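Quick one: structure below, then a few questions.
Labels run A, B, C, D and E following the written order; every chain starts at residue 1.
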Amino acid sequence: MQVNGEFKPKIVAFCCNWCSYAGADLAGNNRLNYPAEVKIIRIPCSCRLNPMFILRAFQRGADGVILCGCHPGDCHYTTGNYYARRRMTLLFSMLDYLGIERERTRVEWVSAAEGAKFAATMNDFVQTVTKLGENRRLEDLRCKK
Amino acid sequence: MKQENLIDAVRDSSGVNPRKCMKCGKCTATCPAFEAMEYHPHQFVDMVERGKIEQLMQSKGIWNCLSCFACVERCPRNVKPAQLIEAVRLAVIRQQGMNHLKPEQIPELLNPDLPQQAITSAFRKYRK
Amino acid sequence: MKKLPITELDSFLKSLNMPVYLPSDDPSGQAKFTRWAEGVQLTQQLNTVRSAKDLFFPQMENLVDFKVQDQKIEIIEHRNVSENFVIFGVRACDAAAFEILDRVFLSDPVDGYYKERRDHALIVTMACSAPEETCFCTAFGIDAADPKGDVTAWKTEDSFFFRANTGKGEKLIAGLADGDESAVQAQQAQTREILSKLPNGKLDLTGFDGAHMMEKFNDSRWKELSEACLGCGTCTFVCPTCQCYDVREFNTGDTIQRFRCWDSCMYSDFTKMSAGQPRPTQLERFRQRFMHKLVYFPDNNDGVYGCVGCGRCLQKCPIHMNIVKVAKTIGGEGNG
Amino acid sequence: MQEVKQKAIELLQSGKVQRVLGWKTGEFFYDLTPAVFETVEEIKKDFVFSPFCGANLSKYLIAESRKEGKIAAFLKPCDSYSFVQLLKEHRIVRENVHVVGVQCNGMCDIEAIKAQGVKGVTAVRQEGETLVCETLYGEKSVPYAAALSERCKTCKSKKIVLFDELLGENGEDDPDCGRFDLVSKLEAMTAEERFAFWQQELSRCIRCNACRNVCPACSCEKCVFDNDTLGTANKAAANSFEEQNFHIIRAFHVAGRCTDCGECSRVCPQHIPLHLLNRKFIKDTNELYGEYQAGADLETRPPLVDFTQDDCEPSVVYTRGGNGK
Amino acid sequence: MMHRIGVFVCWCGSNIAATVDVKRVAEELGKQPGVVFATDYQYMCSQSGQELIQSAIKEHALTGVVICSCSPQMHETTFRRTVSKAGLNPYMLEIANIREQCSWIHKDKETGTEKAIVLGRAAIAKVQLNAPLKAGETPVTKRALVIGGGIAGIQTALDIAEAGYPVDIVESQPTIGGKMAQLDKTFPTLDCAACILTPRMVDANQQENITIYAYSEVEAVTGFVGNFHAKIRRKARYVDETKCTGCGLCTEKCPQKNVPNEFNLGMDHRRAVYIPFAQAVPKIATIDANYCKMLQEGKCGVCSKICAAGAIDYKQQDTFVEQDYGAIVVATGFRPISMEKFDEYAYSQSPDVVTSLEFERLMNAAGPTSGTLLRPSDGTHPKTLVFVQCVGSRCSDDGRGKPYCSKICCMYTAKHAMLCREKYPDTDVYVFYIDVRAPGKNFDEFYRRAAEEYGVHYIKGQVGKIVPEDGKLKVQASDLLANEQLHIDADMVILAAAIEPNPTARSLATMLTTPMDTNDFFTEAHPKLRPVESATAGIFLSGTCQGPKDIPETVSQASACAAKVMGLLHKDRLVGNPCIAQPDELMCNGCSSCEKVCPYGAITYADKEFRTFEGMKVRRVAQVNPAVCQGCGACTVACPSGAMDLKGFSNRQIMAEVDAICK
């Protein structure tokens, strides 16, 4: 999205309820700033993230999608993030294979205690996606203004 | 150079954030050149933090730091005082313009009592 | 009859000063109708993978938008006014298919979207010189060596020959030099010779009519014919005469776009209603497609079959089930 | 070839099975249709096994194995992998199927023959390594190898993984078949080149669903792309996004389950090399999580429903494979 | 059905209102399709705020509620109760987090407001697709498991047991007691650790409701809150617990004398068969298989011969106990970090450089020197002692130490210094500190007494290096206040080593699926409001496994933890989470993908008959056990047909949120 001639990416962050969503809350508690372009969707576990949701986000105009979950081994549901890790690895690889910029998607493990990491991750991700510019390769023009 | 620019220059070239210092003094405790420095490592960090760069630049002590990196090695907060000192030296050298010391001049200046570390450090200081 | 050296096709198309669509090979080597521009070459292949119907009845088109602003809805209709355009190189079968589509879309109630495009089109057909074994246009009385259209074209070794069939066509080729018909006649004779040898060219369709409707409908062999059908839409989508569409909506976030898109009677959700699916199994869907083409359509349209024998479904069906096999299984004695 | 037909007759005559799943003759030599035969007469008249029996019969067994009585199915190596995968997913009632393994020397493709410039082919005969084609325009010859279906040129295995009886010799896996060569080639391209490649390929998609409907792994009761209540229905490939979306998700849904039978590419009326998507997933899972062949056995956990604690991170994509910068 | 949605925007005082224009948010969201009422209020969570919501629900016949406020982690439960009291299903509520994830991170009001509107829109989009949900119920096993038998575990177990519930303590060491048993005196009262701890150990042993599994480890835990199932490995002691009387004769006669005594931190030796200390509970001998000649070489058998009770059993094997529990308490404690990486302090070069815990043993009457302070190197009486604070604590460097303050060092160092000076007035005692942190009750007074009454030299500054030379320890340090570098020849140096969580905690956390922080301390469910619960329901935290603590704090947390456990065990049934997986049987094809990824084994399959156009057909379809499903959603993605969905986080709901956010 262009705001006053400046590109502001749309970022969808899927956060698992137990670690990363709480980590995002902690970032808030500690007043750690990160760009407002990041909007968080709460999911119970990183393994709830269906690849269809990621593609849907891109279709609807997202420029970057990030999944945050508990660190491997710390999943609230024991093994959810291990499955998420494989699914996302393969999906990202496929997107890359189709020539879609590989930096538009990311997975980061953020625990409930890592408010600072959450903010830093979001800052970095927004910066990366801003550099890439608007998502053109996986866009649905019908959904663009 | 303006004051703020100097502070930024020192912070940038050292890559050190002096605010991380918790003032434990372990750097000073560990410094082998303690006696030769009018501003001891922990003070040095504090002065950078307070922006007293020009005062440090005029200090003789900065040339007495051996760059042994003991303070860097032992600092529990990863503050790296020696790198700040190096950055201040650089700031001084940059102001001197092209007044470089040539490597071949160094042997004449050498004193048998000078520690090896200081020679290495001298190269670092003057080849810039 | 007008004549144009092959080498001058580009300058001729350019001189027309309107959009021209012609079959051209895409990078994968398949022919498809492509908007002509400098460098777009006419294909050497017999026919395009998809028929020319796309140009009048595109696979998807928006009909109307419902724009949602807060709690209000604004309705925006899509009525694109077309400019005149030329479809160049339509084979006899596809040209005949236009007439079938016309019967559907131009009869009352007229489909405005289709009519708009149809009215603005000039059709330049291209006679066949090398039919494939899958061709059976002759079964429907189509002469591939002398197709219809506003203008008919023949392509020989080095030249195109054009004959105008309508006033619009006349104007289109008015600027070209006259040419001798003998080359065309020679080619026609040769083509007709091949056409007479087409393996399915004499497909016997007797009995496929309204009078035998229930007999055909209740034939027990639909089961074995439909057994292997995958229920995909390949045959319908490559077919030049299939004209069914679905109307669906897409929510872009602030606008509901109502669009229509090709549908296939082979799909399990075809004509699905709130009460359910009127043709619940693949057998019924399969039967529908062929009954429509061979019985219902001619019964309602002066005996005109809903097939032009282009052979695309014979080539493309993943399991090689097609209208010829159906006609031969359920149809007339003459198929032997 | 006659041996196969003989076996079909024998099985039916002996009462061992009540039906036979095989291929039925067509109008031409190449347009064979999968068919269920119930009488010896039908078999004698129409059963055929030839180099044009490309269609994978396994998927039909989902429905056929649930019917009364036992059915004999003739499965080629490729088909047998699909069969085992379907068994693994509890889609086929095993006891109702009598599997006859048939060896295959690679199936021919009429489109490959036509791509050699042969038009109007009406009949064909094999003479050594050559296919002699009778056409409307006289006789033409094509090397047998050139007539092979694309997928058969990089055949991964001639092994029939499961059978009740076997006609001919069982073959073996061919780890050097080079089936990933094209994938590697694509990986080595830049992201821009890959994007251009796939745009050009996928833009031809007409969403006829042939790839999905033929796929033995796509055996869902209802596909997500047909599901109106789920909000994922997608009937027309309205634009490049929907083309990408459909094919990415379809490939993802069959990842770890796709046996690489190649039917998707065979049936695509637009010749989109869809198998290259599935092979990408297979290549990735092999490289990242260890070799895995769907349908090779009934026990091994497919890579997407498995994990190890030290699996690579998704960031591996940023640094791995072709230098897509 | 079109929902009638109410939107409630909370100011949270100025917490939200300062950077989000709440009025505009309410106004904008009020225009959204389906929204029939929108308002803002200062504190939605207050009594009057909740009443406002309730009256709006009734007045406007709302069918869905969106509250734009703080994180759902904070008040989701509160607001669910609120809407439920007004007659709405509690799951017809969605919360837009506009505080933690919006107002608190954005400084610009325009930015904050815009984002709050988007987040509100997403919540509205989601609530449109919400369906009333009803939670299932599961019974509660009225028994608790306490992992770790230190003072924290003992206290928690005693409190629970006294409330009448059975408790099992699993302790990996041969005796309960933990680190506190190794301490000499305790600050700030200077009462002896053993004197206050051992009676509690005995109580635990005698309490009828407590079963102590010492020398045991938790092998596996399955299940969920109220219904855990644990497998406990009882390691072979080679001594029959039912026969051993704890007379200790074997521990005197065992010929294997050179086993480093871990209770005294290796500063003296014990036998291969041993009882860690006199007051051990249970007081049962244990044979150390690594050193026992009989077990290693098959020769010896002395202990067996002299044991009157016939308790020695060289053939003993590990055994397993399996038990159901309603709640699990983690009390795995801490240990001092290794000093290996701190070469500058010469810990590995000189035995006279000791850690504080070692110093505790050197001062303890039951320790290796029987309570006389002697230099470990030569047994002489040290004259000059240097205490170094914060060794490895507050370190943000490359992984040598820990970034946190270990909390207890300031106080125990003051205690050590004070005790030294008291017992040996001829000593010079220096404490090098960065800050002295003494915020507890009577703590600062205690520290000041050390400095003022006992003449301990407190020097602000750190020790830079220690070099052992000529029997002395050359200490080089800084005195920041005098701006000097000090050189002290010390006889002994005592390092206040940072503490770290028990190394087994990480694997336990994985087993319990309980989150940990980067330092391997267990994370509490909320740092302020739920300090003794873990984020995993039914798992509670007691003592230093959650973070550094001194004894009084540990004990109070242990009791708080017990109270929470009792609260849980008191319930007969637990209302479950209704947000669980649900298969659409019409779409399920029974492929088993979902079952393979379910961590709880909640999915089974059944052959069911379905009416189709071709008659009745039997298909294999997935079934979810609602009592076992925890709602992670792994199955929903494994399912290719989308037949498996998650209530409360359905495919359509999440996609609606995506759409609303990207709009």
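One rule holds for everything that comes next: a residue touches a chain if its C-beta (ideal position, glycine included) is under 8 Å from a C-beta of that chain, and two chains touch if they have at least 3 such contacts.
Keep in mind the model is a prediction, meaning the values are calculated, not measured.
Peer 1: Through how few touching steps can subunit C be joined to subunit D?
Peer 2: 1
Peer 1: What chain is most central when centres are computed from CA atoms?
Peer 2: Answer by centroid distance: A.
Peer 1: Among the chains, which is located farthest from subunit E on the basis of C-alpha centroids?
Peer 2: Centroid comparison gives C as the farthest chain from subunit E.
Peer 1: More C-beta contacts across A-D or across A-E?
Peer 2: When the contacts at A-D and A-E are counted, A-E has more.
Peer 1: Looking at CA centres, what chain is most distant from subunit A?
Peer 2: When every chain centre is compared against subunit A, the largest gap points to C.
Peer 1: Counting in whole Å, what is the centre-to-centre distance of subunit A and subunit E, each centre being its mean C-alpha position?
Peer 2: 29
Peer 1: Averaging only over C-alpha atoms, locate the centres of subunit B and subunit E and give their separation in whole Å.
Peer 2: That gives a centre separation of 44 Å.
Peer 1: Determine the centre-to-centre distance between subunit B and subunit C, using the mean Cα coordinates as centres, and give it in whole Å.
Peer 2: From the centre of subunit B to the centre of subunit C is 83 Å.
Peer 1: Measuring centre to centre with CA averages, how many angstrom lie between subunit C and subunit E?
Peer 2: Whole-Å distance between the two chain centres: 72.
Peer 1: Please list all residues of subunit A that touch 2 or more other chains.
Peer 2: Within subunit A, the residues that touch at least two other chains are 51-52, 60-61, 73, 79, 83, 87, 140, 142-143.
Peer 1: On subunit C, where are the residues touching two or more other chains?
Peer 2: Answer for subunit C, listing residues that touch two or more other chains: 250, 253.
Peer 1: What are all the touching pairs of chains?
Peer 2: A-C, A-D, A-E, B-E, C-D, C-E, D-E
Peer 1: Applying the document's contact rule, which stretches of subunit D touch subunit C when the two form their complex?
Peer 2: These residues of subunit D touch subunit C: 26-28, 30-36, 55, 60, 110-111, 115, 119-122, 135-137, 200-201, 204, 206-210, 212-214, 226, 228, 235-238, 263, 266-267, 269-271.
Peer 1: Which residues of subunit E touch subunit C in the complex?
Peer 2: By the definition above, subunit E touches subunit C via 31-33, 612-614, 659, 662-663.
Peer 1: What does subunit D use to touch subunit A in their complex?
Peer 2: 186-187, 191-199, 224, 232, 238-239, 241-242, 244-245, 248-249, 251-252, 255, 277, 280-281, 284-285, 288-289, 303-309, 311-318, 320-321, 324
Peer 1: In their complex, what parts of subunit C are in touch with subunit A?
Peer 2: 250, 252-253, 257
Peer 1: For the complex, which residues does subunit C have touching subunit D?
Peer 2: Per the touch definition, subunit C meets subunit D at residues 26-30, 32, 46, 49-50, 59-60, 130-133, 194, 197-200, 224, 227-228, 230-234, 236-238, 246, 248, 250, 259, 261-264, 267-269, 314-316, 318-322, 324-325, 328.
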